[in-house]
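Across the two complexes that follow, chain A remains constant while its partner is chain B and subsequently chain C.
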Partner chain A sequence: MNPSLSRNSLAWAVALPPLIILALFFVVPLGYLLFISFMTNSATSLFDVQPTLANYTEIFSDSFYWLIIQRTLLSTAVVLILCLLLGYPAAFYAAHLSPRGRLIMLMIMMVPLMVSNVVRAYGWFAILGRRGVLSGTLTGTGIIERPVQYLYSFEAVTLGLLTILLPFMVVSLTNSLATIDKHYTEAAHSLGAGPWRTFLRVTLPLSSPGIASGLMLVTFLALSAYVSIALLGGPRYKLLVSMVFDSVSTFRWPRAAALSFVLLLIAFIIAIVIQLVVRPQRVQGKA
Partner chain B sequence: MSAFILRLVVGIVLALVIGPILVVIIAAFSSGESLSFPPPGFSLRWFIEFFSIAQMRNAFMLSIVLAIASACGAAAVGLLGAIYVSRNRNAFSVMLQMLIMAPLVFPALILGLALLLLYKTVNMSVLPGLFIAHVVVCLPYAFRSVLTSLQSFDTTLEEAGQSLGAGPVRSFLLITMPIIWPGVLSGWLFAFVVSFGELNTALFLTGPGIVTLPIEIFSYLQFQGNQLVVAAASALQVLIILIVLFLAERLVGARQIVQR
Partner chain C sequence: MNTQAPSMINADVRFTRVEKKFDTATALHSLDLEIERGSLFALLGPSGCGKTTTLRLIAGFEQPTSGHVYIRGNDVTGVPAYKRSFGMVFQSFALFPHLTVAENVAFGLKMRNVSKADIVTKVAAALDLVELGKLGERYPRQLSGGQQQRVALARAVVFEPDVLLLDEPLSALDKMLREQMQVEIRHLQQRLKMTTVFVTHDQEEALTMSDRVAVMKDGRIQQAGTPREIYDRPRTEFVATFLGASNILEAIVKGKDGTGTILDIAGNTLSVAGVTAEAGAKLCFALRPEKISIGSMDGNQPGGIAASVREAIYRGAQTLLYLDINGMPVNAVVQNAGVEPMNLEPGAAVRLHWDNDNMVALEPAR
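Here is the complex of A and B:
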C-alpha cells in the first residue's frame, strides 16, 4: 500500500467522527429548526408542511413582542456595559499581578464559572428574596420596616446575568492584557506620556481583541440564559428567550423556532455593533 | 487614589461573583425550617433530607453518570478532532475547528430545542439523546485542551518512532499520548464539570424519570418554592466541582486549567 495514501486515509478517519457528530447533531438540527420556522402551526403534529412567513410576521407585528425585544436589548446593553466597567479594572489588576497571583485570581474566577447557573441564580434568590439576606439585614438594622421582595424585576435579572457573565469577561480580558508586550507601555512612558495617556492610547487599543471577544461571549450567553431570567425575573419580567420557552411549553413549535432565529439575529446584530465600536481588527495579530 | 479604586472594583467583582455561591453554601447548613438570614443554627439535616428524596437522589446519580459518559465521549471525539486540526493546515481543518468550537458560544437553549424537534421526528429515546447533546456541548472544552497540548508537542518525536518502524497508530499511542495526556485529562475534567452543571439543552431534553440535578433544582425552585433542600443540592454541586478542580490541580497543575 502506498504510505502517503494510508496516511491520508488515516487523517480522514481521524476527522470523520467529530465531523459526523457535529453534522448530525448540530448542523442538521439547526437547519431543521430553520425549516420549521417557515412552516404552519399544527394542532396534531409538530408542524404542517405548508410554507409561510406568518411565524415571523406575527412576531414583528405584535407590540407585546416589540416590548419584549426592547427589554431584551436594554438588559443586554446594561449587562455588557457593567461587565466592561467592572471586568476591565479587575482584569487589569489581575494582569499586573505576579504570574502566581494571576493564576490564583483566575482560579477564583473559574470556580463560579463552573458552578451551574441554577445554583448562582438560587444564591440571588436567597439574597434578594423576601426572607433573604438583603431584606433581613435592612429590617435588622431598621432601615426598612417590613421585609421587601427585591426579586422579579429588571434589577434582579440584570444583577443575576451580570454576576454569571463577569467571570467570562475577566478571564478573556486578563488573558488579553497579560500578553501585551511591556515594551509598548515603557516606550510610551519614556516618550513622556503619563499613566492615563499611556493607558488610553496604548493599553486600551491593544486589549481591544480581548474586549471584543469577551463582550461577544457575554452577549450570546446573556441572551440565552433562560434559567437565570426565569428564576430572577419570574412571570413578571420576561425576556425574548423566555418567549422561546413559553412557545415550547404550549407546543407551538414553528413559533418557538421563529423566535429562536429572531434571538440569533439580535445576537448577530449586537456582535456586529461590538466589532464596529471596539474595532479589534486594528491591532489583531500585532499585539 | 486610582490604585484604591482599582482594588475597590476588584473587591466588588469578587463579592458579586462569589457572594451568591457563599450564601447558598451557608444556607445549606442551616438548621432552620426555611430560608432565613442569619440561619438559626447549623446542621446537616438538609443534606440528609436531600438523599432521602428519591427524585433528588436519582437526579444526582444520573448527573454523575451522564457527566462521566459525556466527558469520555467529548474527550475521545475532541482528541480525534484535535489530532486532525493540529496536523493539517487547510481550509477543511479551519472549518472543522470552527464547527467544533461553535457550541461554546451558540445559545445552548436553541440547540436544545433544535435537538428536541429532531429527536421527536426520528423517535430518539431520552437518555441517548441527552448524552449526545452533552457530548456536543462539552466538545469545545475537551477539544481546546487537547489542541493546546498537541500544538506544543514536538512532532519530530513521532517521526523518530515511525522511522524506527512503528506505524502511525502505534507511534501515536506509545509516544504522543504519554506526552499530551495532561491536556487530554484536563479536557476530560472540563467536559465533566460542564456536563454536570449543564442546564440549557437539558431543559428540553430530559424526560419523565430521567432528570439531571440542575434541572431537578430548577423545577424544585419553580414549583415547590424556596426550600432549603435545594440549597443542599446546590452545595453538593459546588462540592463536586471543587473535588474535580482539586484533582485537576493535583494531576495536571493549575496552569493547565486556567489557560484557555
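Here is the complex of A and C:
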C-alpha cells in the first residue's frame, strides 16, 4: 500500500469524529436556524412555514435596533481597544520573563476567570451600585453630592467585559511575543534602530499574529457574552445578545434567529476588518 | 577615552583586558584583542569557547564585566548596540519577514535618516553587489537559503559600517553553497575593504577566508596569527589538533649536541634545533600527518624511523595510514602519486622520514 495514502487515511480517521460532531451539532442546527429566520412568527408553534423577509426588514427599519447595533459595535470596539492597550504592555513584560515566571504570571492573570460570571457581576454591583463602594467613597469625600447609580450603563458593561476578556488578550499576545527570535530585535539594533523604533518597526509587526488572534478571541467572546451584559447593562443598557434573549422569551423564534444572524454577520465583519488592519499573514509562513 | 597605549596603529577593534561573567560562569578571561583595519579576522573554537560572546561584545549586545572595547579608537564600552557602527549577519539571517528584500536592505539607511533618493540608489547598488538586483520586491520567505544569506550581507554592508560582524553565517547552508559563499564573502570583504570579524567552529572555513585567526578555548585566546602561522606553528596541543589533524609526539630530552637538542621518541633518537630544555624533561611535539613520508624497509632511502602499518585507508587522492612506532600510534597521509604501490598491508614494516623542522614544540596545556 502506498505509504502516503495510508498516512492520509489515518489523518482522515483522526479528523473525522470531530468533523462529524461539528457537522451534526453546529452546521446542521445553524442551517436550521437560518431557515427559521426566514419563516413567519407564530403564536402557537415554533414558526409558521411561510417564507418571509420580515424578520430582517423589521430589524433594519427599526431605529431602536439600529441603536442596539450601534451600542454593540461601540462597546465591542472600546473593549477591543482597551484590551489591546492594557494587555500589550503586560504581555510584553510577561514575554521577557523566564519561562517559569511567565507561566506563574499568566496563571495569576487567569485566577479571576475561575470565579463564575454571575458572582463576578454581583461583585460589580457591590462596587458600582447606588449604595456601592464607588458611590459611597465619592459622596463621603464630597466629590459628588448624592449617591449615583453607575450600573446599567455603557461604562458598567464595558468594565465588566474588559475584566473577563483581558486575560485572553494577554495570553494570546504573550505567546506571540515570547516566540519572536531575539535575533530580530538585535538585527534592528545593529541597523541603528533604538528601542522605540525597534518596537514599532520590528516587534509590533512580528507580534501581529498574536494581536489578530487576541482581538478575534475578544470580539467573539464580547459579542456572545450574556450574563455580564444582562446583569451590568440591566434593562437600561441592552446589547444585541440581550435582544436575542428577549425575542426568545417572548416566543418570537424566527425573530431571534434573524437577530442571531445579524450578530454572526457583525462578528464576521469585525474578523475581516481585524485581518485587513493587522495583516498577520505577512509574518506567517516566515523565512 | 582611555590611556591604553595603542600597539597597532590601525586597530579597528580593540579589547583591553575584557572580562565577561554570566552569573558565576566566566565566559571571557581578561581578553586582549586587536583587529587590523580592512582585515578579515576569524574567531575559531568549539562551542562554549567564548567566540560568540566576543562578537556580541563588539556589537554591544553584551557589555563587559570589566575592561574596555574600542571601535575605530573610540571607547564604546557601555555604548548600546544601536549607537555603534557595525553591520551584522546572523546565523539565522534574521531577515524581517514582513518587509521586502529592498525594505530589509533599506532599514539601516532609514534609521540613519538617509534621503529617499539616496536610499533607492544605495539599495540598488547593494543588491547588485550580491547579484540580487532583480529580487528587491520579493519577501524573504520567497528566497532560497543562499539568496537570504546574500540579502543579509547586503543589509549589513549597505550603510558602510565601521565593522562587519558575521556570526556563523554559513552554518545554515549546505556544503556546496557554503564553499561558494566562503569565496564570495571573502571577495566582497576585500572589495569593500571592510574590517570583518567572523565567528566559526569550522577550521577549514577559518583557514580559507581569513587574514588572521584567533583560536579560542575556555574563554581565552590560545593563539592568534595568520592561518599559515597557526597551522604550521601551533603553540598548544589544542590548537594543533583543533586545526586539522596532528600527531602529538612525546619526547624525553637526552641532552645536547652541536646542532640542537637530542630527543628520545619511542626509542628513536632525534636531534631538533631551536628547543631549550633540561635533560630528562618531557616535551610534546606536533607533527602534521602530511609532513611524514614513507619509505620501504628495503628501499634506497637510508635512515628514517622504523614503524609498522596498522591500517591503510584508501581515499582516492591520498592514502591515510595508521602507523605504529614501538607502540606509539602515528598517522600519516601520503599522496597517491601513481608510482608503483608500496606494500602497506597491515603489519608491513616501513620507514618514516620527516624534516625535524616540521616538529613543533608545544607549550604545556593551560
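We take it that the second predicted complex is superposed on the first by the 260 of 287 C-alpha atoms of A that agree within 3 Å, B and C clash if a C-alpha of one lies under 4 Å from a C-alpha of the other, contacts with A are read in each partner's own complex, and residues count from 1 in each chain.
Convention: a contact is a pair of C-beta atoms (placed from the backbone, for glycine too) under 8 Å apart; a residue touches a chain by one contact, two chains touch by 3 or more.
Since the model is a prediction, treat every value here as computed from it, not as a measurement.
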- Item | First (chain B), second (chain C), both or neither touched by A:274 | neither
- Message: Just to be sure I read the superposition right, which of the two partners does A:197 touch: chain B = first, chain C = second, or both, or neither?
- Response: second
- Query: For A:264, is the partner it touches chain B (first), chain C (second), both, or none of the two (neither)?
  - Reply: first
- Kindly classify A:283 by the partners it touches after superposition: chain B alone (first), chain C alone (second), both, or neither? second
- Query: Is A:188 contacted by the first partner chain B, the second partner chain C, both or neither?
  - Reply: second
- Message: So in the superposed three-chain picture, is A:205 touching just chain B, just chain C, both, or none of them (first/second/both/neither)?
- Response: second
- Which superposed partner A:107 touches (first chain B, second chain C, both, neither): first
- What's your read, chain B or chain C touching more residues of chain A? B
- Message: Per the contact definition in the header, classify A:95: touching chain B only (first), chain C only (second), both, or neither.
- Response: neither
- Interface residues of chain A shared by chain B and chain C, listed 195
- Query: If you look only at chain A, which of its residues touch chain C in the complex?
  - Reply: 181, 183-184, 186-195, 197-198, 201-202, 205-206, 208, 282-283, 285-287
- Note on the structure: The answer for chain B against chain A in the complex is residues 2, 5-7, 9-10, 12-14, 16-24, 27, 34-38, 76-78, 80-81, 83-84, 87-88, 92, 96, 99-100, 102-103, 105-111, 113-118, 120-121, 132-133, 135-136, 139, 143, 168-169, 193-194, 196-200, 203-204, 214, 217-218, 221-222, 226, 230-231, 234, 237-238, 241-242, 245, 254-255, 257-258, 260
- Note on the structure: Per the touch rule, the chain A residues reaching chain B in their complex are 6-7, 10-11, 14-15, 17-19, 21-22, 25-30, 32-33, 36, 46, 86-87, 89-90, 92-94, 103, 106-112, 114-127, 129, 131-133, 136-137, 159, 162-163, 166-167, 170-171, 175, 195, 216-217, 220-221, 223-227, 230-231, 241, 244-245, 248, 253, 256-257, 260, 263-264, 267
- Item | Residues of chain C touching chain A in the complex | 59-61, 80-83, 86-88, 90-98, 107-108, 111-112, 139-141, 143, 148, 155-156, 159, 165
